[in-house]
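What follows are several structures.
Two complexes are shown next, each including chain A; its partner changes from chain B in the first to chain C in the second.
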Partner chain A sequence: MAGDIGSFLIALGFSAGLLSGLFYVQAIRSPKESSLNIARGSFYVMVFAVMFASAILMYVILNHQFQYHYVWAHSSTNLARPFLVAAFYSGQEGSFMLWTLLTSLIGVFVLGYAQRYRYEAEAMSVYMIVITLLLLILVVDSPFHTIFSAFADQTLPADFIPPDGRGLNPQLENLWITIHPPMLFTGFAAMTVPFVFAIAGLIRRDYQRWISIALPWTLFASMVLGFGIMLGGWWAYETLGWGGYWAWDPVENSSLIPWLICVSLVHTMIVQNRTGVVERGKTKKIGGLVRTNFVLAVCAFSGILYSTFLTRSGVLDDTSVHSFVTPGNFVYAVLLVILLTFLLTGLSAILWRWRDLSMKMLELKTMSRENWLGIGSAVLLASAFIVFVGTSWPILMPLIGKPKAKIDMSFYNNTHLWLGLAIVLINALSISLKWKNTSGEELKKSMRVTLPISAGTAVLVTLWTEVTDPPFVLLMFGALLALITNLIETVRYIRANGRMAGAYIAHMGLALLIIGVIFTSRYSLTEHVQIVEGESTEVFGYTASFIGRDTIERKKRDREKYEFKIKLEKDGSESIVRPVIFWSDFNQREQAFLEPGILYHPTGDLYISPKSLEVVGGDPTVVLAKGEKVIVPQDSSLEVRFEKFDMSRAETEGLQGAVLDVRLPDTSFYFTAYRQMDGRYALNALPRTDVSVGFAELIVDQEELAHSKARIRFASRLRESSPEKQAITLDVSIKPFINLVWGGVIVMVIGFFISILRRRKELSQFEAFVPEESGRDQTRDIS
Partner chain B sequence: MMNRRTWYITAIVLFLPLVLWYASRFSDLPEMTFAEAALEEDHTKRVAVTGKLVAANNVVSGGESSLTFYLVDDDGKKERVVYEGKEKVTTTDVGEASEISVVGHMCSDKEGPRFHAKQLYLSE
Partner chain C sequence: MKPKYIAGMVVAAGVIIVAVVFALDSQQIYMLFDDAVLSGEQVQVRGTWVKGKGAEYNPEANLFTFTLRDEAGGEMKVHYYDAKPNNFELAEEIVVGGRVENKVFVASNVLTKCPSKYEADSIHVST
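Showing the complex of A and B:
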């Protein structure tokens, strides 16, 4: 019942959105209040329909209504409330629902905003097309499909309700999931706004005003999307256990590309804003980089759609850890159509107004701030293009008849070392320059303090931290130069007008982020250690002892989860970190999930990532691949061949089996040795022999599961063997100054926020006394 | 003196192919011959070998996504290829291909040397 209402509301939202869009288009052609009223009314119907459909989805998830396929596939009765809320968007259909919901809610603000600046019909018509197409995906790929309809080819009774759901991916059961995806989708939704104002500007032939109107939203989109991306990094660092926060994974990259374009757009918009003149809502002079701004606004939004296409279409299968399951041909086609529609429509709209836009190129002085802002934007775009090429490589290769391949991380690292250097140097230079023009003397004067301080600090940091690679020393110098230059400006502006300091604060955040990246990427140290229970080892000056383990989350029967207590002692102080290893029904317990333990420290974390758990001591073991055989060490007349794995008791009893073909001189038989998921196993007597056998370890071949091996332990029942102990293998890393990465992002977000306040204030000044027909006329350069 | 627009266009024209060329150096899928693939010590590493089918009527199906056939590479070396991948490929698809790229690695055990392919790329 609830699902039927939800499906109806999605269909209603789609119809209302379509109607609203059509009446807004009508209002552009003939601006009648009646058309606008219908468009607004339909818009609000759409918003309420989406809100109620979302509420119903949340209701069916919270009430465990597993008759709905989405609820069954992404939640279970043992999930805590925050993770049930996260189940809303942990799957494909739900994430589209969240994106649509956020776009609709932001739309309410955009409507009021567009009305205030007399952009309603043009902006909202484009906005409605975006929301309607998102709703079209939900109509096709609804989160309210029932189990019965999802498994129509299987003979399920129509009223079948599974007793429990499949649950959430256990790696997602982390508080970050309640923040990271909503933040990212808010960024996705906000990125629609600069696009719609750009297209609206083209429709109205308003090539200047739209910049100041869209700029606060562009800053907002950059702020939220950037923060969302970095939250993903935090999540990876604290949960996934591979030791980093950024892996240039295609899905990480596909969010980074639109962010880079958006940040580039912010800077080119500032150039146009600065070089153009709007007074009382009328354009007096069009600034520079007019076409660039339109193209970037289209590309930034298309980048979001491309990101969605990469993530949801299944085209990155085998090349990304993030890709959602293959969504089916129709959704794939809809995503491709939406991407091409907006990219081609946006570019066509620019070509449509090309003659208007072919004004004389504004000549910027070489030593002007606006010129270097433009160059900085070009470097950001170069970065976006490089990431685009690397990310799209698995798609590009098959297009030219080559096998699907992905690009190694070093491609991004090598290129971005130099791009990063260019960005910080250009930033420091542009901040040191004046608007319009700067003489050599003025530049010398403005860098008289910053240059020697930065060079001196870079030398000190180099000596202190042993950062010695020349490219990294250069990058460190550039980042320090940017940091100090922006710090001086921040202090100056905070005294005069705090709102003006936003950009400088954001740049300080970027500089801090880059310094953090230098340390963590190039100067992280890792040691691979194995610690036997009750013993200790020396690592990075710490005495690390494996003092035991606790079983955690005992009530959850779908997993076996262990927290390993590692005591760290140094200079008389001691701490305990708790890396986690667990097995879950989610992946049929085939592979362990690993979570790191972190000892946080202001100058660098000690990051302990578990790798494996095994039993040491006791009798000797042999490793066998399928089909391999061995003469038993304790009895040369006995031959054992490893036949296959037996996982039939894995889900129900948590046991993995190794089937052995045992051959005696006069007979042969099959014998299955079992082990538990946590590594414990028993030695069982082989019938008619004096030998016991145990399945000590399953050595998984990640590339090809069929090539996985078994470690088999043989013991003589006539001789006593040495005691067995657990041993945990760990990667222990020092992450120097990683807090600069997190702190840099937070400072950058604060800077963006202050800039939004500033641009909103400026906008209200430019737009004071907006005349009724402002922006309707062609606003060519009339200065 | 070039104006700013010409500078931009020149930079873009030079930049795009440069990035593509540089990226191609970091592809995780090296293209090899069968002889080179056999020398690859890391058997978890995927390589690509391109060649021509030896006999269209000698393609044997071993199930829904399993095929065995012989391929001759650019050096003229003939090798048995066993395909076991996700994509369903028919004997007809392989038989009609003018050129085939196989992605996987060389194996040599009691079943004899063969190229174990997880992906196939067929040219019309």
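Showing the complex of A and C:
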């Protein structure tokens, strides 16, 4: 029922969006208030339809309406509320829903914004095309499909409702899932705006004003997407236990590519903004890099679509640690068509105005800041291109008839060592240069302080860390140079005009990030240790003791979760780190889920990643398949054969039984050992012997239940066996200055935020004193 | 203007060449074990775990060993110097990356793919 309304709302949203788009296109040609009103009206109808459809999806998830395939596939009754909310977007259809919702909501702001700068018809018509196509994906791939229709081939009864859903992978059950994906999708949605204004600019033959209008949005998209990417790294580091924060995985790369293009676009837009002149909302002079800005705006948005295509079409299935969905050929085709549509129409729009665009070219002086901003952008693009090549390699090779191949991580690391170096050096240089032109004397003066300080510091760091690889020393020097150069500018501007400091703060963050990356990648150390409960071992100058474990999340019946207490002592101070190992019904408790424990420290974390858990000592156990027999270790006159499982008491008492055929020298009898479903079992005395037996474990063979095995424990009643202890295996790593990685990105985000404020203020200055006009103005920006 | 364009083109061509050369250098081609033995290079092999031949983790050596059967039925022992990968038992398909050394595939990465559990569309009505 609710789902029918949801499907209807998606269809309504799609139609209203289409209508709005058509009337906006109409309004470009003849700007009548009546068509604009219809366009706006249907835009709002679409926004409300999308909002209500989202609310209904949330509602059916919160109410466990498992008759909907999406709800069944991505949630379950035992999920806590925050994860039920996250279930909204943890599957493919829902993540398209979230993307569409965020694009619609941002659209409300874009509408007001475009009206203010007299860009409504052009900008909104393009915007509506984007939303309409997103809605088309939802029409095809709706989150409101019922189980009945999703499994049409399985002849389910029409009113079939599964009792519970499949749930969420328990490894994803932490607060990061409530922050990271929405942040990324906000970035995705915001990336639409620069694209829209670029195309709108081409339609209007406005080659300058659109830059200052789109710039705050480009900054916003870079900020949000960049922050979202970092949150993903943080998540991986904190709870997924990969040991690192970045693995050049296709999923990570696919959001990095548009981010790099977007940041590159920020810089080229700033060049054009700086070199052009807009007064009172009219273009007086067109700046440099006009064509570059159009091309990059199209590429950045296409990058987002390409990212979606890579991660949602299943093309990279066997190259990533992320599990992908194979959504069916239709969605694959729709995604590919959408990607090509926007890329090709964007580029053709640029070609359509090529004659205009090649008219006015602005020469940038070699030793000017704008020139080096442009070169810096080119390096960012080179980075984006290299990540693109690496990530697409498994698709590209078969396309040209070569065997499918995967790119090793070293490809990215080796190339980015040099690209990173180029970026920090170019940044330091361009900040040291003046706009327009700089004499050698001036450059020398501005680098007189920064150069020796950073070179000196780099030497000190090299001596201190005793790592002397030339590329890393150079990169450290470059990052320090960028850091100090930007620090000086930040201090200077914060006194004068705080808003101007944004760019310098952002670059300080970048320099800190790169220093953090150097330390964590080059200076990390890992040791592999096994500690028996109650014992200790030396690692990295710490005395690490395994002092016990606590059961956590006891209330949840679907899991068995332990925190292992590792006490670390060094120089008289001690702390306890708690790596986690748990088993979940999600994978039938077949294999443990592992989460690291981290000892946080400002100058470097001690990262303890659990690897495995074993039992040492204790009574001997034997694994037996049906029909197998064994001589009892404590009594060689006794033979036990595993007859069969006895599940007759499983339903009523929750007991699983193992029927044993016990053979003594003179007699034999059957004996059934029981264990409870939750794993507890007792040792029971075998009659006429000194041996007790327990049914320790039921080892299920998923493929063939008949091949399942039983682990039987034998204990002697005459002498005590050595106590049973747990032994935990850990990878212990030192992550020096990892806080610089997080801190650097946060400083970057702050820098982006301040820059947004600055560019908004500038925009209102450029556009000031425009008399209020109804509709759009008739004057062309270029005559 | 002209020299600048030419410089730009040269740099762009340079980036493309570097990208392709580095990529060719670090690529790991998907192949069968038989070809992996011949190539001796870092490769990827897709296959399934031979359950009957077990899988074992040695905590002291931090070595996980198992046997993989590739798509043509060729089998080889795999050495992976790390703990058992997540979802190993559940994996419908396992992709290992590494090289053959002394008739053993020494893997630097092991990818476990478990569509049957998380993604595939199958449902038991009997519940």
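The rule is short, and it goes like this: the second predicted complex is superposed on the first by the 655 of 783 C-alpha atoms of A that agree within 3 Å, B and C clash if a C-alpha of one lies under 4 Å from a C-alpha of the other, contacts with A are read in each partner's own complex, and residues count from 1 in each chain.
By definition in this document, contacts are C-beta pairs under 8 Å (C-beta built on N, C-alpha and C of every residue); 3 or more make two chains touch, one makes a residue touch a chain.
Only a predicted model underlies this, so the values are computations on that prediction, with no experimental measurement involved.
Which term applies to chain B and chain C once both are placed on chain A by superposition, clash or fit?
Because the two structures are overlaid on the shared chain, the partners are seen to clash.
Which partner, chain B or chain C, touches the larger number of chain A residues?
Residues of chain A touched, chain B against chain C: more for C.
Is A:Q530 in contact with chain B, with chain C, with both, or with neither (first, second, both, neither)?
Touch partner of A:Q530: chain C, not chain B.
Check the residue A:S716 against both partner chains and state whether it touches chain B (first), chain C (second), both, or neither.
Neither: A:S716 stays clear of chain B and chain C.
Pick one for A:Q115: touches chain B only (first), chain C only (second), both, or neither.
After superposing on A, A:Q115 lies clear of both chain B and chain C.
Looking at the overlay, what does A:V389 touch: chain B (first), chain C (second), both, or neither?
It touches chain B and chain C both.
Which holds for A:G401: it touches chain B only (first), chain C only (second), both, or neither?
The first partner, chain B, only.
Using the superposition on chain A described above, determine whether A:N169 touches chain B (first), chain C (second), both, or neither.
In the superposed model, A:N169 contacts chain C only, not chain B.
By the touch definition at the top of the document, which applies to A:F151: first (chain B), second (chain C), both, or neither?
A:F151 sits against chain C, while chain B stays out of touch.
So in the superposed three-chain picture, is A:N437 touching just chain B, just chain C, both, or none of them (first/second/both/neither)?
In the superposed model, A:N437 contacts neither chain B nor chain C.
So, A:S612: does it touch chain B (first), chain C (second), both, or neither?
Only chain C; A:S612 stays clear of chain B.
Given 21-29, 57-65 or 111-119, which one is the stretch of chain C whose C-alpha atoms run into chain B?
With chain A aligned, chain C clashes with chain B through residues 21-29.
Kindly list the residues of chain A that each of chain B and chain C touches, one partner per complex.
361, 363, 378, 382, 385-386, 389-390, 393, 397, 403-408, 410-411, 415, 703.
Given the complex with chain A, which residues does chain C contribute to the contact?
Spelled out, the residues of chain C in touch with chain A are 1, 8, 11, 15-16, 18-20, 22-23, 25-31, 42, 44, 46, 51, 57, 59-60, 62, 82-84, 86-90, 93, 95, 97, 111, 113-115, 117-119, 121, 123, 125, 127.
Provide the residue numbers of chain B that touch chain A in the complex, in ascending order.
On the chain B side, the touching residues are 3-5, 8, 11, 15-16, 19-20, 22-23, 25-29, 44, 48, 101, 103, 110, 119, 121, 123.
Hey, which residues of chain A end up touching chain B in the complex?
For this pair, the touching residues of chain A are 361, 363-364, 378, 382, 385-386, 389-390, 393, 397-398, 401-408, 410-411, 415, 627, 701, 703.
For a test of understanding, state which residues of chain A touch chain C in their complex under the given definition.
These residues of chain A touch chain C: 69, 72, 147, 150-151, 154, 156, 160, 162-163, 166, 169, 171, 317-321, 323-326, 361, 363, 378, 382, 385-386, 389-390, 393, 397, 403-408, 410-411, 414-415, 528, 530, 587, 590-591, 593-594, 611-612, 614, 702-703, 727, 729, 731.
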